[in-house]
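One chain, subunit A, links the two complexes that follow: it is found with subunit B in the first and with subunit C in the second.
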Partner chain A sequence: MKLAAYYWERIKRQRPAMFGLGFIIFLIILATLGTYFTKSPTKVNFDEKNLPPPGYTVEHSMYSAQNESFITTLQEGTWEHPLGTDSMGRDMLAQLVSGARVSLLVGLLATGIAIIIGAVIGVTSAYFGGAMDDILMRTTDVMMTFPFLLLLILIMYLFGASLTLIILAIGLTGWTGTARLVRSETLSLRTREFIMASKALGAGDLRIIFRHLLPNTLSSIIVLATLSIPGAILAEAVLSFIGLGDPTVASWGNILNAGQGSLETAWWVAVEPGVMLFLTVLSFNFLGDGLREAFDPKGE
Partner chain B sequence: MVFWVRSYIAKRLLHTALISWGVMTTAFILMRIGPNSPADKYLAGLGAGHNVTQVVAAIESRYGVDKPLYDQYFSYITSLLQGDWGWSFGTSMPVMELIKTHWIYSFQLILLSTIFAVVLGIALGIFAAVRKNTAADHAVAFFSFAGISIPNFWLGIMLILIFSVKLGWFKTYYDTSLPMFSLENLHALVLPVFTLGTGMVAGYSRYVRSAMLDNLGKDFVRTARAKGLPESIVIRKHVFRNAMLPVITIIMLDMGSIVFGGAYITEVIFGIPGLGWMSLKAVFADDYAVVLAVTLIGAIITLLFNLLADIAYMYLDPRIRYE
Partner chain C sequence: MENSAVLSVDHLQTCFFTKKGKVMAVDDVSFDLLKGEILCIVGESGSGKTVTALSILRLIDHPGRITGGKIMFGKKNLLELTIRELQDIRGNRISMIFQDPHSSLNPVFTTGDQISEAITAHRSVSRKEADARAIELLELVGIPIPEERFHEYPHQFSGGMKQRATIAMALACAPDILIADEPTTALDLTIQAQMLDLFSELRKKFNMSIIYITHDLGVVSEIADHVAVMYAGRIMEKGCRDDILKNPKHPYTKGLIDCLPSEKGKPASIPGTIPNLINPPEGCIFHPRCRFAMEICRLRRPMPSKTNNEHYVSCFLYGDI
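And then the complex of A and B:
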């Protein structure tokens, strides 16, 4: 615990990392509690379509059959929809909150899966060496070389788009970096005295792996995990943007997809989810970088 | 060339072939265990009054997908080794023809973006390194963090919103009718290049900065300064040249992964008919042969650039020896 307090002191001094942490906490609160305060993200209301955020006005041209001409009306945003509505009249704020939930879920779970698989493969590969190392590392090479986005698109297209599958697909394909990192760290740890000592004391393979090798690579794993979360979030956003995301939930990628189609009538639909995505990715990058600095024994 | 270099390259080429085979096989299995049949797309366009089972059987036997899986696999490999990449039934032409008409669009986008990113990235990196810990350095650092974090497909949409929709300077879509070597074409590629290049600029400027700082602290730099060389020569000849070593490697590794990474989505947003755009269309059309070919090509490009990066490193730094 004293160690945690020490690292906390070191992170606290880095402003970007603290900004990142602050925004991530805000996002978590938004994703868990936000839905109790917002409207339904899927409620369609064509009377209120393409409403701008309050303070902005937009012109809407509509063909009127009565007058046989186009009527231009000025539409002003209302506080009823603080971030406006999309082309189907759905509340943008509610959709963004739902998107935050999706992004965090994908980012954390997919990265979690990837880290666990990567750590197990990396440590097994390095600890046992020989043929095991060869097989596992060639598999890692194949996985690393596979065009990542194409693989995800292929999986989503072939096996149907659902949030569970997205998380699994990103997790099951994203472990290669962790595997390599854990393998190289384990290789250098393996011959150290304390490992030899515990071997001499009769510790089994599993005990050495779980009590000594993995805990010693933990700080690198935490940094890598933090820096991998944006990748997973972006992968989901790209898939949803292409139209291969889960169509039943509002995610930032889905909204962006709709937003690109209505750039000329409703710019805010494309702007808002992107800003959220950008800030989220930036926050995790800031935090990851800060953690790396804090864990680095050379830095002061 | 020294003997060990030749045997090293031979070993790496063998490795490349092995990994490509692994990628191809994985893609092959993935596509065949998927629930879709190439007949689906034909059936969707078929009018009533046909015997469906008969049509499906006819189509499946025509494309050989009714044979056992291992049979299809071996015949695919055999024809691949003979230089036959298969037949695209989505577009009714050989896969190789299809790739030949599309690759140039990816190539021009990636080439221009790389030039843009390398020039600007190196300039910013040097600028930040020689002004370490000043406001200018912090500004560059902030820009590179923002550049790395900004999702490039959103950046593309925002550029379209501002410069095409609001200001009207560019078309919202890439115009394929423009001649390749013309100013109009260059003009049409400004937004795509910016979309793809921004993240790269941000990444390169960080690498260049840290590589420059690594070398600025070295003894030979102190010697160069001590013997009275002007600072510009020290930076240019002693620091910059050494700092370029890791940077060149990074750029080459980047080139390999960009074809089906950043360029892919940029092509989709701007409607540029490159390999990424083409392969996405092929996925949605169940065009197996095209998807397989594109996956394989993507893997080979990545592996060859990895090899090229290592060779370049060896050539530029003779101290490097690979086992």
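And then the complex of A and C:
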């Protein structure tokens, strides 16, 4: 595709976008292949709990029943656990890699669901207009005003927390922005002559929607999708952080939650997933902005 | 030229139901389109030419609706077909091209892609055959190096080239009728002359009938076989080209011809503007602007009367009242 090559040239010129893209690719490789090289993220080992990353030393106090007093030992990080361990001796690197998998899964799938629902609702609403438009857009308004976190908490409370449910819940509540955007783009496209022309050539509604309307809104959809992935990732992290996440998987939110209590003694447990979240969200935002810049016909 | 009508529009009426009231955009329009002829529909902006054309393919969108009449295509009344049957005719038997070539093509697909699509929409041919046919069509409408142009996007085409490409799309299934809605208005004059030649040539090649909508009497004089003059949604006068241009009967047609610059001096203009169609004037719709308006013009609506062979005029100055 010549068009793809053209946009690639334009994205390449933007450093932040390229940084974002690089980090996202790194993250994808980490999430897919990383688990083959790391230890088990769930293996508990109390002999090695709260180990710092290599190069750091922390004081470790333990009550000894034998001596009836606290014994303070110095613990030094080892290369065995390059990012340290948490309070149950689980390897942090392994947990972060597994968390990357969870975060990407949530980010991509939830956004995918939201984008598909939003695009279908937006395009139907604008293309058919009339009563259809009113019904769909008022539904969107109601969805938009509904407190999203409360709804998620309610769903988690009612049905219990599982990763599938979290993905579905975020996806099924996050489509409103897409619906609005696609609707407004379709409204302006609908009056363009090529839509009338393809009707005059015998195209049916489905062909017009899928061949003409959606491909022409695709650049906006891609930008919006890239920018809403961090929202979905953060939503999962927030849910996990407040204890409503899936307890069976090691997600960044879960690790953060576990690490917040021991910030003074084992700062790395909370800081490491925090940094990963920060970089991931930043990367998707950089990439999204870069894409928007590249797709903007006025940007030349 | 055979003397049989491929399309006959009979008492067509199309209304737009706006918030301010009902607008009769096309009111009691009748005409026949003969096999292999070019029929020009002429009129000012807002006279209902485009709405007439869109009504033929039933492309009128909400809030408009065709409220009466018949459109006979062969033995079928287009107004009674289901949407499926209609889609089978659109682009296949009757095609249409539009005024602005710059927005008539989808910007995100290659031009060739879109022509192939027009073929595969109606014919069960393989992608390869459709592509080959599309390249033939591009060549037919006069696009140089069609094999390369096939892979280019619309923005890489000039205005004239785009219009040629839309014509190629419209011709994809060798339709019986081509409706061209001011296809040269957005193009410059030299291209316009080339396009008119192209239409005449294609008409001969495919033995196809063309409805050509224009406001330009110069274009009419070059390509028309028959002419229908529209004003405010009604046909004022219709007949062969020479009758209309050289021997116009209706005061409105005369006015239009007087508007053309000539050696006689400053071109005249018709005083006033097209009436508000929500509250159209009673009687003859042209009477407020007519130099020859009589008492009866304010009261009754003139019916078309035959002045001579094939020449009809809707005016009380002619025929019996």
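Quick note on the criterion: the second predicted complex is superposed on the first by the 300 of 300 C-alpha atoms of A that agree within 3 Å, B and C clash if a C-alpha of one lies under 4 Å from a C-alpha of the other, contacts with A are read in each partner's own complex, and residues count from 1 in each chain.
Definition applied: a contact is a pair of C-beta atoms (placed from the backbone, for glycine too) under 8 Å apart; a residue touches a chain by one contact, two chains touch by 3 or more.
Predicted model, so just to flag it, every value in this text is computed and none were measured.
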After aligning the two structures on subunit A, examine subunit B and subunit C and state clash or fit. fit
Apex subunit A angle, CA centroids, subunit B to subunit C, rounded to a multiple of 10 degrees, is 90
Classify the contacts of A:I242 with the two partner chains as first (subunit B alone), second (subunit C alone), both, or neither. first
Larger contact residue set on subunit A - subunit B or subunit C: B
Just to be sure I read the superposition right, which of the two partners does A:P215 touch: subunit B = first, subunit C = second, or both, or neither? second
Report for A:L3: first if it touches subunit B alone, second if subunit C alone, otherwise both or neither. second
Return first, second, both or neither, reflecting whether A:G171 touches subunit B, subunit C, both chains, or no partner chain. neither
For A:G130, select first, second, both or neither according to whether it touches subunit B, subunit C, the two together, or no partner. second
By the touch definition at the top of the document, which applies to A:A200: first (subunit B), second (subunit C), both, or neither? second
I'd like to know which partner A:L277 touches here: subunit B for first, subunit C for second, both or neither. first
Partner chain in contact with A:Q260 - subunit B first, subunit C second, else both or neither: first
In the overlay, subunit B and subunit C get no closer at Cα level (Å) than 14
Of subunit B, residues touching subunit A in the complex: 15, 18-20, 22-23, 26-27, 30-31, 34-36, 145-146, 148-151, 153-154, 157-158, 160-161, 165, 172, 259-261, 264-265, 268-269, 279-280, 283-284, 291, 294-295, 298-299, 302-303
List the residues on subunit A that touch subunit B in their complex, please. 16, 138-139, 141-142, 145-151, 153-155, 157-159, 230, 234, 237-238, 241-242, 256, 259-260, 263-264, 267, 270-271, 273-274, 277-278, 281-282, 285-286, 289
Contacting residues of subunit A [partner subunit C, same complex]: 2-3, 129-130, 192-194, 196-204, 207, 211-212, 215-216, 218
In the complex with subunit A, residue positions of subunit C that touch it: 57, 59, 62, 83, 87-92, 95-100, 103-109, 117-118, 121-122, 153, 166, 169-170, 172, 179
